[in-house]
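Consider the two complexes below, in which chain A is the common component and chain B and chain C are the respective partners.
On to the complex of A and B.
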C-alpha cells in the first residue's frame, strides 16, 4: 500500500506544467472592439498593454478581419508579441452601425462559451466608426482600456449613462420580459465622452438611444438612485420667468402596479423621491413655498419621465423591466403576448412622482 | 571500566588512595589533601575535583574545623562538619560519580566508609534576561545552566506542596541530571508515566542540550512542527505547569522543555495574559495571519503569475506587469532566489558577532532591495513579498515554530509553480491533515480544534478575559479542571 502511495505521488508530480499561463508570455486583450469594414467584413480590434519600457506606446492596437470574433483573434496572434488571452477583458465595444445591422449574440458568443474569457467586461456601444476610438491619441490619460473603463464608470456613478457588463447583457437579452441596454461612448474633439444609453430590441439589434440628459431619468425609472442622482429642472410658476433648480435625489420609494384592462397593460408607477436642493437661480422663501415647490418639481420630473417612457415605447423596447411586473402580477396575459416589447409599446403607463425636499442647503 | 578496580572500599587508607590514583589517571585537577585530625592524630584524606568545587567552602567548612578538631575520631561518623548536605558510601562507583559532580570525599584511615560533602561550585552565569524570548511585561529573569537554580526560579512562583520534582539521569557518560516538575493533583498520571518511560529508554553518551533530549523523546520525528515547547522563561513554564503540563529541566541547558503541547500554544506568549484581552486577541489574530502569510505569500505570487493572472485586479496586474517586464527568470526561480538570499542573510547575521552582524544587514538590505531590482534581476513586487514574508515569520513568538514555517514555504512554492492555486490548496490540506494527526506525549496536538473542544477556544485565536477562563484546557488531560471560582460577573 505504501509503495503504491509513493508511486502515485511521483506520477502526480509529472502532471501539471502544461496548464501554465506565464504572465510574461501573454498579451492581455483588455479591450475588444467589433466593427464592420466598408465592404461588409468583420473587423476585430484588440487593445493590450505593452510593458516594455523601450517601446514608445504603452499599449498596442491590433486590427484583424475575420469571419467570426475568435477567427479574428486567432489571426491577431500572428501580430502579437505573446499569446492573446481574454481573461482580463475590461471592455467589449461595438460600433453603432455594426450593432444596428447585426444580431449581437452571434458575435459575442465566444465570450459566453469560452470560460477563459471574462464576462464581467463592460459592454459598450460606440457612436461612430471604431477606428476613431482605437487610434485616438490621449496624452493625459492612462492606457486606453483603463481610460475607457474609468470614463464609463464615472459617468455611470453620476448617472450620465448606465453600465452593463456582458453577463447582464446576456441575461437581459434572454429574458422575455426585458430588453438589453448598454452605455454609449463617443469621441468628441479628441476626448472620450461617455453619455447616453443604447437600446437594443428583442433581436439584440441596436434600435435607438437615450440622450445624456435623459439618462438620469432612466436611472430613476430603474430605481437606481444611489449614491445620488443629480437633476437640473426648469420650472415655471414660482416667479414670472423660467427658473432653474438643481436637486439631488437621495432616496426613493417605488411601487409599480400592473394591471390588464381592455386588451392593454396598465402600469401605475408611484414614486416618492427624497431630494436635496443644491442650487437655485432665484430666491425662494422656503418656509412659505416649500409645498408649492415640491409640487412643481414633481410635475417637471413627471414630464421628463413620461418623455423617456414614450421614447422607449416608440422604439418598442423595455430596458426598465416593466415586463417583470407584468409577468409577476398578470402572468396569464403576459404569456399570451407573442412579443412583450410590442405589448409594452401599447401599454399605458402613468407615472406619479411626489417630491419631498429633505434639505434645502445651509443658506437661510 | 569499573570492573578493573574494586567494587567497595577497604579499611586501608593507602589502598583506597591507590585505587583512586589508578582510576583518576591524567586528572591534574583532582586534589589529594592529606590531613591529620583528632586527638590522637589520625590520618585522613580529602579528595575533590579542584575545578568543580567551591574552594571557600572547603577551606572554611572542612579543612579549618578538621585541623582544629580535638576530639578522638574513631570512625567517620564521629566527624562533625558545618555542611548541611552530606552522605556516606562504601561503593567506589558511587563515590567517583559524586566526585565528578563536585562533591568532596573524606576518607579516614581504618574506615571503609566515605563521607561525601556537598561542596559544589562550578563556574556559572548570573541570572539574566532571556535573550530569545524577551517580554515587555513579564519578569526579566531567565533560566540559566544550573538545574537547581532553575528549579528555584519555578518554586518562587509556585510555593505549593503539590509541585513535585522527580530527578533522573540520562546518558552513560554525561550522567545529565533531568528533573521533571509537575503539579501532582493536576497532571494526568498516564501522561507523566509516558514521559518517564520515554526518558528512561534513552541510551546515549550524553544529552548536551534540552533540544537533544527533545528529539529523543518526541512523538513524530518526521514532522516539521515542534511537539514540545522550549522556553527560557520561568513565568511561561509556570503558566504551563498550572495547565497540567510537565516541565522538564535538563541540567547545563538554559532552556526548559514543556510537554504535552498543542499547536496553538506556539503562537501565544506570556505577555498575552498580562495585557488587556482585546489587545492580546488582536495580537493573536496578527500572529495567525503572519503564519499564513509566511507560508503562502510567495507561493501565492508564483501561482497567480504562472496560472491565474485573472484573479489579480487590473490595476495591480498592470503594475505587476511593468515590474516583471525586465525580469529574465520565471516567478518560481525569482521567488526561490530571493527567499534563499534572505535566509542566508539571516543565518549570516545570526552567527556573526554583533558589530559585523549589522554590516551584513545593511549590505544584504541593499543587495536584495533596490540594487537587485535596478539590475533587473527581480521585480519590485517580489522584494515587497519577500520582506513581508520575512517579517511575518519573525512575528511568530516561538523560534522553533518560526523555523518550521520558514522551511515549509519552499515546498509550497514548488507545488504552487506546478499546480497553481490547486496545488496550494492541496498543500494547505496536507499541512492541516498532518497537524491534526500530530501528537505530543500521546495527546492530540491539534486540540482544541481537532478534537474540537469549544470550551477551550477561549484561549486560542482570541484571548477571552481571564475571569472567563475558569477551567484548565483539556489538551494536557488535567485531572483537576477548576482553575478558578466564579468571582466576577
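On to the complex of A and C.
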C-alpha cells in the first residue's frame, strides 16, 4: 500500500515536466523598444541574445507592428527563433517622437499588469527614430542590450543623466505630486551616448528635456549627490581674467521648506554642499580667498540651479518632487490645487546654497 | 476531568496557532485596502483594530474560562439546549467552512497568478491538501507544533522588508491625520477583519495546558499579528506613493517584486513559495475547526474520516470549479461580514448570556 502511495506521488510530481522549457529554445527579450511608424502604427522592437553557436550575430532584433505592446509581442512569436519571454527585460526604450504624442502609461501597462514581467527594467527615452539604435553596429561593445544598460548606468553614476526604472515611472506617473522623468539616449557618430533627462508632463507625454550640462544640477536638486557630483563652473570676479573651477560635491544637507502665501506656493530650499576642489585654471591664494571663493561658487551654483528650476516651471513639470513637500506640510492647500504641475509652475522657489570647501588637493 | 489530555498544547504553541491564523492572505492586500479608505493614515486604524481585537479575544477567554473543558460546540449545547445549540454549532461550522474555502481558493488563485500560471487549479489543490490532510489528521497538538515551526521558519521574512524601506520616502506618510478621524474610523472595519482568527480560541482554548496564561497569550498573539500588519503597511506606504498604492491589488507582493539581486530575479516567487507556509497556518486551523465541528455533531471521536471526505470534496470541487478573482473577492466579503458577527458581536452576546445564566443558577458549576 505504502509503495503505491509513493509511486503515485512520484507520478504526481512529474506532471510539471510537461510544460518544461529549455533555455536555448527561448527568445529572451532583454530590450523592448516602442516607436511609431510613419503611417502612425506602433512598432515594437525586441532585442534578444542568440545562443546558437552557428549563427553569426550574438543577438537578434525583431520588429513588429501592432495595436498594443502585447499585441506586437504576440506577432513577434511568428518569426522569433524561440518562444518569446518577457520576464528578463532590462531596458524599455521609447522614441522621443512617440513619447511626445502618446500617453506612455497606457503602452507600458502590460509591464505592470502581468506579474511575469520585470518592473525593474530601465526606462529610457531615445532621441531619434528607434531604427537607428536597433540596427547599430557596435564592434567594440558587448551585446546591444548590455551595452545600453552599461552606458546608462555609467552616465548615471557620473550624473550626466539620471536613472529611472519602470517602477519609478509608475510611481511618478500615478502620484499627483510629481511628474515622471527618464534618461535620454542617442546615437552620435555610430556610438551610443547617454546624456540629458527627458521630462514628462502630467499626461505622461514627453514635453522637453534637460541637457547633459544641466543633469548634475538636476541630481543636486534631487538630493542625489553620492557618489560625488562633478561640476565645472565659470567664475568671474575673483581675478581679472576668465577662470574655470571644477569641484566635486561630496555631501550635502538639504531642507526644502514649503509655505503658502497669497495664493502661491513658496519653497525655501536651503542646501549646504561640501565640495572638493579638483581643478582651477588660474592661481588662487586659497589661504586668503577661500571664503570669497566659497561665496562665488555658491552664487554660481545658485544661478545654475535656478535656471534648471525655471526650465522645469516653464515645462510645467515637477520631477524633483516639490509637490511631496507641499503635500506633507501644506496639505489643505495642496488638495485644493486641480493640477499640481500648474501650481508648481507658478510657485516661487528660492534656492540658497552655501558651499564649504573641504579640501583643495595637494596644490597650494 | 480533562477531556483533551493527550492533545494539549503549550502556551507558545497556542500563541503561534492564533497569530498564524490571523496573519495570512489578508496581509497581502491590506495596505491597498487601507490606503483606499484612509490614505496613508491607515496605520492608525491598525492600532485601533489591534485594541478592539484584544478586547474581543479577552471576552472570549473570559467566557471560556467558566467551563475550561468545553469548546464552543459543547458550550452551545450546554446553554442553548438541543435545537438552538445545534443551530449555533452549525453556524460556527459554517463560518469555519466559509473561512477555509476562502483561504484555500485565494491561496490557489495567488499561486496561479504569481508562480504557476500554467498549472491547473486542481493540481495546486491536491498539493495543498496533501500536507493539510496529514497535519489536520493528528489533532490540535500537531497543529500547534506546526504553527510554531512555521513561525520560526518565517522569521527572516520581515527583515527582507527593510530592503525596499530604504528606498522609500517618509514624506509620503505626512501629514498625519490628513482628512481627520472619519476615514480612519471607516478603515477600522477593514483592519478589524484582518485580525480575524482569534475567534478560534473558542475551539482551541480547552486544549491549552496552562490556562492561567490564556489572556496573556491572546494579547501576545494579537500583538504579533498587529506588529506584522503595521510593519508591512507602513513599509508599503513609505515605498509606494499614496496615489499609486490603491492601484495595486497585492501591494505586499509588488513590494517584493522590486527586490532584485544580481543572481536572482523575481524574488517574490521565492518569497511567495515560502509564504505558502504562512497561508497554510491560516487555512489548516479553519479546516480543522470545520472537520472537528462536524464530527462532534455526528458524535464521532475520531475526525479522520470526516477530514478525508472533506479533502475529497475540496479536490472534487476544484476539478469542477475554478473561481475567478471576482468570485474570490465575493467569498472574502462574505467571510468578513460573517466574521464581524462571529468574532466580535457573538462573543459579547455569549459572554453576557453565560454570565446572566450562571448568576441565575447561583454560581453552581456543572
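FYI, the second predicted complex is superposed on the first by the 347 of 364 C-alpha atoms of A that agree within 3 Å, B and C clash if a C-alpha of one lies under 4 Å from a C-alpha of the other, contacts with A are read in each partner's own complex, and residues count from 1 in each chain.
Keep in mind that, in the parts below, a residue touches a chain if its C-beta (ideal position, glycine included) is under 8 Å from a C-beta of that chain, and two chains touch if they have at least 3 such contacts.
Not measured: the values here are computed from a predicted model.
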For A:119 in the superposed arrangement: first (chain B), second (chain C), both or neither?
second
Determine, under the contact definition given at the top, whether A:244 touches first (chain B), second (chain C), both, or neither.
neither
Regarding the shared-chain residue A:88, is it in contact with chain B (first), chain C (second), both, or neither?
both
In the overlay, answer first, second, both or neither for which of chain B and chain C A:171 touches.
second
With the two structures laid over each other on chain A, which partner does A:51 touch: chain B (first), chain C (second), both, or neither?
first
With both complexes overlaid on chain A, does A:135 touch chain B (first), chain C (second), both or neither?
neither
Identify the overlap between the chain B-contacting and the chain C-contacting residues of chain A.
16, 19, 87-88, 118
In the complex, go through chain A and note every residue touching chain C.
12, 15-16, 19, 87-88, 115-116, 118-120, 167, 170-172, 174-178, 321, 324-325, 327-329, 331
Report the residues of chain B in contact with chain A in the complex, numbered from low to high.
305-307, 309-310, 314-315, 317-318, 320-322, 324-327, 330-331, 418-420, 423
The answer for chain C against chain A in the complex is residues 113-114, 117-119, 123, 126, 169, 171-172, 174-175, 178, 240-244, 247, 253, 257-258, 260, 265-266, 268
Interfacial residue positions of chain A with respect to chain B in the complex:
13, 16-17, 19-24, 26, 28, 30, 49, 51-53, 85, 87-88, 90, 118, 143, 146, 149
